[in-house]
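Consider the two complexes below, in which subunit A is the common component and subunit B and subunit C are the respective partners.
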Partner chain A sequence: MTFNLFVLPFILGLIFLVVVLVKKNRQWIRLMSTDDRKKLKGWYRSPKILLALKEIFFESLLHRKMFRRNPLLGYMHMSFAFGWFLLILFGNMESRIYSGLWVNPPYYPIFLKFFIHDKHVLPFEIFTVPGFFRFSMDLLLMFVLSGLVLAIIKRSRSKWFGLTKTTQHHFTDKVAITCLWLIFPMRLLAECMTAGAYGYGGGFITQHVGNVLAFLWPLNDKSIAYGFWWFYSLSLGIFFVTLPYSRYMHIPTEVMLIIYRNFGIKAGKEQSPIHEIEIQSCPKCGVCIDICQMNTAAGINDIQAVYFLQSVRNQQVIDGLVNRCLVCGRCEEVCPVGIHTDNQRISQRNSFVQLQKQDYSYLNHEADPQKAELIYFAGCMSHLTPAIPRAMTKILDAAGVNYLFLDEDRSVCCGRPMMLAGKLKQAEELIERNKKSITGSGAKTLVTSCPICYRVFREEYGLDIRVLHHTQYLLELIKKGKLPLQTYFRKVAYHDPCDLGRGSGILNEPRELVRKIADPVAVRDEAKDAPCCGGSLGLLNADRHERDLITKEALANYLDKDAELLVTACPLCKKTFAKHSPLEVVDVAELVAAAIPKVEKETGELVN
Partner chain B sequence: MKSFGYTITKDRQIDYDANDRRLIEYVEGIEPSIRICMECGSCSATCTAGHFTDFSIRRLHTLLQRGETLHLRKEIEKCMLCGKCQLVCPRGVNLRNLILIIHQALDKLHHDL
Partner chain C sequence: MSKTAIIIGGGVAGMETAGQLNRLGIEVVLIEKQASLGGHLKNWDRLFPDRRESQEVFDYLEKGMNDGISLYLNATISDIREAGGKFTVILEDGRELSSDALVLATGYDLFDARKKEEYGFGIYDNVITSAELEEFFRNNKQKNLFEGVQSKRVGIVHCVGSRDEKVGNLYCSKLCCVTGVKQAIEIRELMPDAEIFCFYMDLRMFDRHFEEMYYEAQEKWGIRFIRGRLSEAAENPDHTILVKVEDTLTGLPLKMKVDLLILLVGFVPSPETKRLAGMLGLKEGDDRFLCPSDEHLLPNSTDHPGVFLAGTLKGPASIAATIVDARAAALQVAEYLVNGER
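The block that comes next holds the complex of A and B.
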């Protein structure tokens, strides 16, 4: 007999799950933009699918990124994902031996030990084909159960797994996790009891445990084992039904996300189906909670990416939550799934901040743009730190560059602050106006002092001239020998601004520049792990006190070293740090300007 | 009556009942930092948009307090949200959010105002 009523919960759950998944996926593809759909054309012929499969194997099954973060956490996830995957694979192969068919009913391998009691295979017989499978299946079950034990330990000892704070879960998540945790113990008990009741047919674990159970508990007959087969099937069935509405949806969705990502479909600043796919791919692991400065510095622990994504998924988006984020990109950097948390925030801000129209007609009355080789754009923030543009103009004069200081007295905002607030349309208007004056000048290079401007110039302006941050440009000048420098050996700590380091990947140029003039000390969190200064324009609704806490925590990263000077490459970081820093805070440009022999006297405050 | 060229000036007392407080109350509820504004005008002095027009955040505050919604709606369109005002504010008023909340209030209370 190869059918029993108890398989029904499993079968119905599986059918439900497959229908929901197919429907969702079709909906996503239908809603995709034509551009994105074009990228998927002929996907089965493209070599990209192989790359995607490789990534799926390493990330979805082996959890390589999790391993890098914490080996115990990685092992826990791997034992569940890879162990379960192998159980399904080996179970299917084993069942083929007994059925002799190419196609089995899907429940057959899952409940094989209920249907088949093979007298001829001994528990430790591993050199025959059926014996090998029987042995492996028991071993794999133990592998998965070891993960379960770790998952239970993680509840109370999350620090061992590298997590200080873990995610608070919703009701459906709790139902799903209960079922998930029950599946494998139920399977173990069902198989043990069946093997014990028959006296044969089990693997090296199930048979021996079954024998002991049968000895200790003589009443244990086949009907009790039968009950456990029901429990096993029920926990599987309920898990499958709750899966699409719980965090476990990340299991199937992450696979799709990896495929789409490999085909170049990414979550941008405007809503698209890929945003929903990313949201569904969030496993709520909580890695983003520990890294978030809002949590570590200001004790705000309900707004992190995991909660934000959850609120979007449950369609309970609150603007207060969405706006309460530095958009510094630290969570994006550590997210094991690779969710674009910054763009997710911006796209949500965009979708609910449907504001009044803006009126920038007053910007029209600009005179004809001047012509120049190079444009220097200080940016709004640099106007609040006049030492930076002063240093830059001194350097440019000293190097004899033919430049135009585009926003010397009347600056137009670059549009990124507007964009961070989610007002993409209004930002577009500012971008258009700036673009006109930039292209009108006929310049071949655009140099800016502000990483915020730099990022938007590069990402959104679509300029066909070179766009450089001043650290890049100054290094170039020095390398070309246009800037005579004298070194002065002061120990300095370099702070990576979010939009320059993490945001634009400019990590080496400022460091190289600093090394040419001063003596940089090593700091704890640097490069892509650098903290946000707390002044971020991405954070919309924090009070001054909360910002101060973030700034002070960030400063601690640089203060306990023997640095005499805190160097940064962003006017906003400089302004924010200067408020609390016992060290003098300077921009790299100021360092360079001070190191030019001719201007040494004028910037005496640096060289002394 | 003989006219001597003098007139009686119109009544200039402020009618507090006519002052529409809904907007300011909505804004204060979400961004209470507006209450600590002392109208020093640093925001207006540094304003990026203020370099091109007579746009002034300080005046926005006055308009908001007075409930002059129509005027406010026209003025606020000019802001570029660059955030300089917030950085120079000596009181730490959360000005960027304030602008966003005013927008939101104008949007939400659209039919009433």
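The block that comes next holds the complex of A and C.
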């Protein structure tokens, strides 16, 4: 076995990195809730670990999701990650041929070409085992270097990567990125010069480039090559030391994130170590910047998830960053790392508002709930769009449903607005109060017109009855044949409300419903990619012009088609769009109500 | 050779500008998209502040429509062209009209109360707009609103579609306050036992005689004024309306049942005006009404030589103010045609 002093920076850096990572990880696990920790018990025996490994392979190495969003960016990340990974893997295998051992010191494969100069392998020899590895190692090095070239181009021409703005860098980031960018060119030079100086032992690229260098630069002897081996080792070592304090921490953290996620540990609305892990996992790819309507419509380009997460990481969270966001979930939808950007935002808001007190003692008057089979809950927003509850009661009456209109005389708010503002405690009080009247009614089904209420009923109430948004319920009624409908084919554009579509995954029911009564036109951004109307309760800090710009941009997605009506399934979307829309805006329920034939009271006959 | 002017829009502003220009010896073409002249004036019954019949004002304006004016009714403009200081207005039926000057007097639209859905217009039976009430008065002279029942409760809501960020209109429509007071008095005259409430943010009784009307409404007619913006309205099973409002003078939330809710709808810029302004490259303000080239000194001129503005396409104004504005516009046009000044 061979050793040389120049490997020390690499070795020391590596040891430092491993120690820091192990410590960090133990700290995360220690701070996790007992529930979360339980989920990790016996992890090595669980098949989930295999799923996690598969995901690590596809996402951390191949960057599949990023590829889908942006092939060039995906390739760049892949060539670095997967290329480097293969270099390590192949390098290890190659080194074993020469050491004959199963375990080598970690520096040995990394610096193999410094220690081994195999005269018997030719540069283009592919069909012998050592020849194959030598050839592949050169090829892989080129693969990684192609990513580096792209990274350099991206710094100056981010538009080519589909990004209008890239992220800014901090000091440690700058040191780390310089080292990272130096690693592979140094390796290339060291290997080329060594091969050139010896006249053999290089691969198809390193040998030939080395020969040329040796010819052009007569000074080239082994001592200059030796210098480059030092540089190579130093850039690796410094990179490892700065890694935990730079954006590159995302590399090891993302791996842990994937593992934890596969064990069911997720970032919720309250702070937990997984929040920090997610924050550290963000590679600042910038995908969330271009998708954000705050950016594209209102020109606010410093609050996007990437900046927000960075501010949390640097402990520089400021009010503007936390609150100027629609919490629309669009960035969460596209984030290739799967960061729960919405909950990240809410949990930070929560820590902001802890200080405020709110008194809900007035809620505790005991209501005596009426009994019914089904509860209809319009929601406070729907009371500002009375055409929606009006349509719903008409439909429920027509279908002969035994229902209780729970908030007919208004009621306590469902709690979601509080939650979006991060006021989790206050939200809980409202939830408790509402739960009482819901469970007290003995109803088996709860139907609401408001996606905001729907989401919170589903996610936070823990009700053991069926909770449906009215689009789901209406479709059910129609399918059961309880609602005779007359189709009236008007061309309509359907808008997915954030909390219903992206937020709750209800994409098909409203579409099927619309198709039953009207003629939907195709729109550009649909389903999970649909824009936010701009009315979001999640946006706590914006002036009206900014909101208006967002609404207008969102509307553009639906106009200019031949639609005669804009259809949505949320009172807030309806109201927000109505302000600027040249088309009439209606809720799906209104369409259904309009399609019910009128029944003559006395005769029971259909009139039209 | 006599000069010609085309006037687009035959409401108060268009009619008065046309009459004045004609009296000044200028050949006038008046284009109106509807079947008859008069614009909004024709929908009103009696006018504030003196409650004279709107017909009287219309009769005066109509007297000005003599032979020197070529009238095009039911006319839709498809394009406007300009060459060598001459304007050509092309109508949808292919007719082409040309002139040396152009006056836009296309007026305003009423705010569509359905956009303020929480007040239930178009959804609840007993929610109407102030414009509909005028129409009722016009068609049913001296008739009780509720077929014989005297003791009913009526709510009048101010600022519907005006001073409301939520509908995108920050401006005050200026005339709905006084219209509300006028209509409250008119209702009380018909039904002496009715209870009448006006829900307002603040009362803008800016013009001559307005404030006096307000005092009269309170003192003589017992109309109650509640300061607070209506948050929402709901319909009871008996079709009465439940209104929710916070009384900002007492600081108390208030719920009240009314039999009829009248929405004082404001002025909004009309899409037709926007369309024509687009053809001529005219600028609009933040409130989306058109802007003259100098609000103080050239209130009827535009940055486009030969194109003038008259009336409420520049923002809310009373009939009296509109007539004054129309005369100023006529003078400005005449000056342009004679001296070439804008």
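To be clear about the criterion, the second predicted complex is superposed on the first by the 593 of 608 C-alpha atoms of A that agree within 3 Å, B and C clash if a C-alpha of one lies under 4 Å from a C-alpha of the other, contacts with A are read in each partner's own complex, and residues count from 1 in each chain.
Here, contacts are C-beta pairs under 8 Å (C-beta built on N, C-alpha and C of every residue); 3 or more make two chains touch, one makes a residue touch a chain.
Here the structure is a predicted model, which means the values were calculated and not measured.
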Using the touch definition from the top, say if A:K575 reaches subunit B (first), subunit C (second), both or neither.
both
Contacts of A:L537 with subunit B and subunit C, given as first, second, both or neither:
first
State whether A:K423 touches subunit B only (first), subunit C only (second), both chains, or neither.
first
When the two structures are overlaid on chain A, which partner does A:C450 contact: first (subunit B), second (subunit C), both, or neither?
neither
By the touch definition at the top of the document, which applies to A:H383: first (subunit B), second (subunit C), both, or neither?
both
Would you sort A:V412 into first (subunit B), second (subunit C), both or neither based on which partner it touches?
first
Which partner reaches more residues of subunit A, subunit B or subunit C?
B
Kindly list the residues of subunit A that each of subunit B and subunit C touches, one partner per complex.
383-384, 544, 575
Touching residues on subunit A, where the partner in the complex is subunit C:
383-387, 390, 544, 548, 574-575, 578-580
Where on subunit B does subunit A make contact in their complex?
30-31, 33, 46, 48-49, 51-53, 73-74, 76-84, 87-88, 92, 94, 96-97, 100, 103-104, 106-107
List the residues on subunit A that touch subunit B in their complex, please.
319-320, 323, 353-360, 362-363, 365, 380-381, 383-384, 409-413, 417-418, 421, 423, 426, 430, 535, 537, 540-544, 572, 575
Seen from subunit C, its contact residues with subunit A in the complex are 115, 117-118, 120, 122-124, 165-168, 232-235
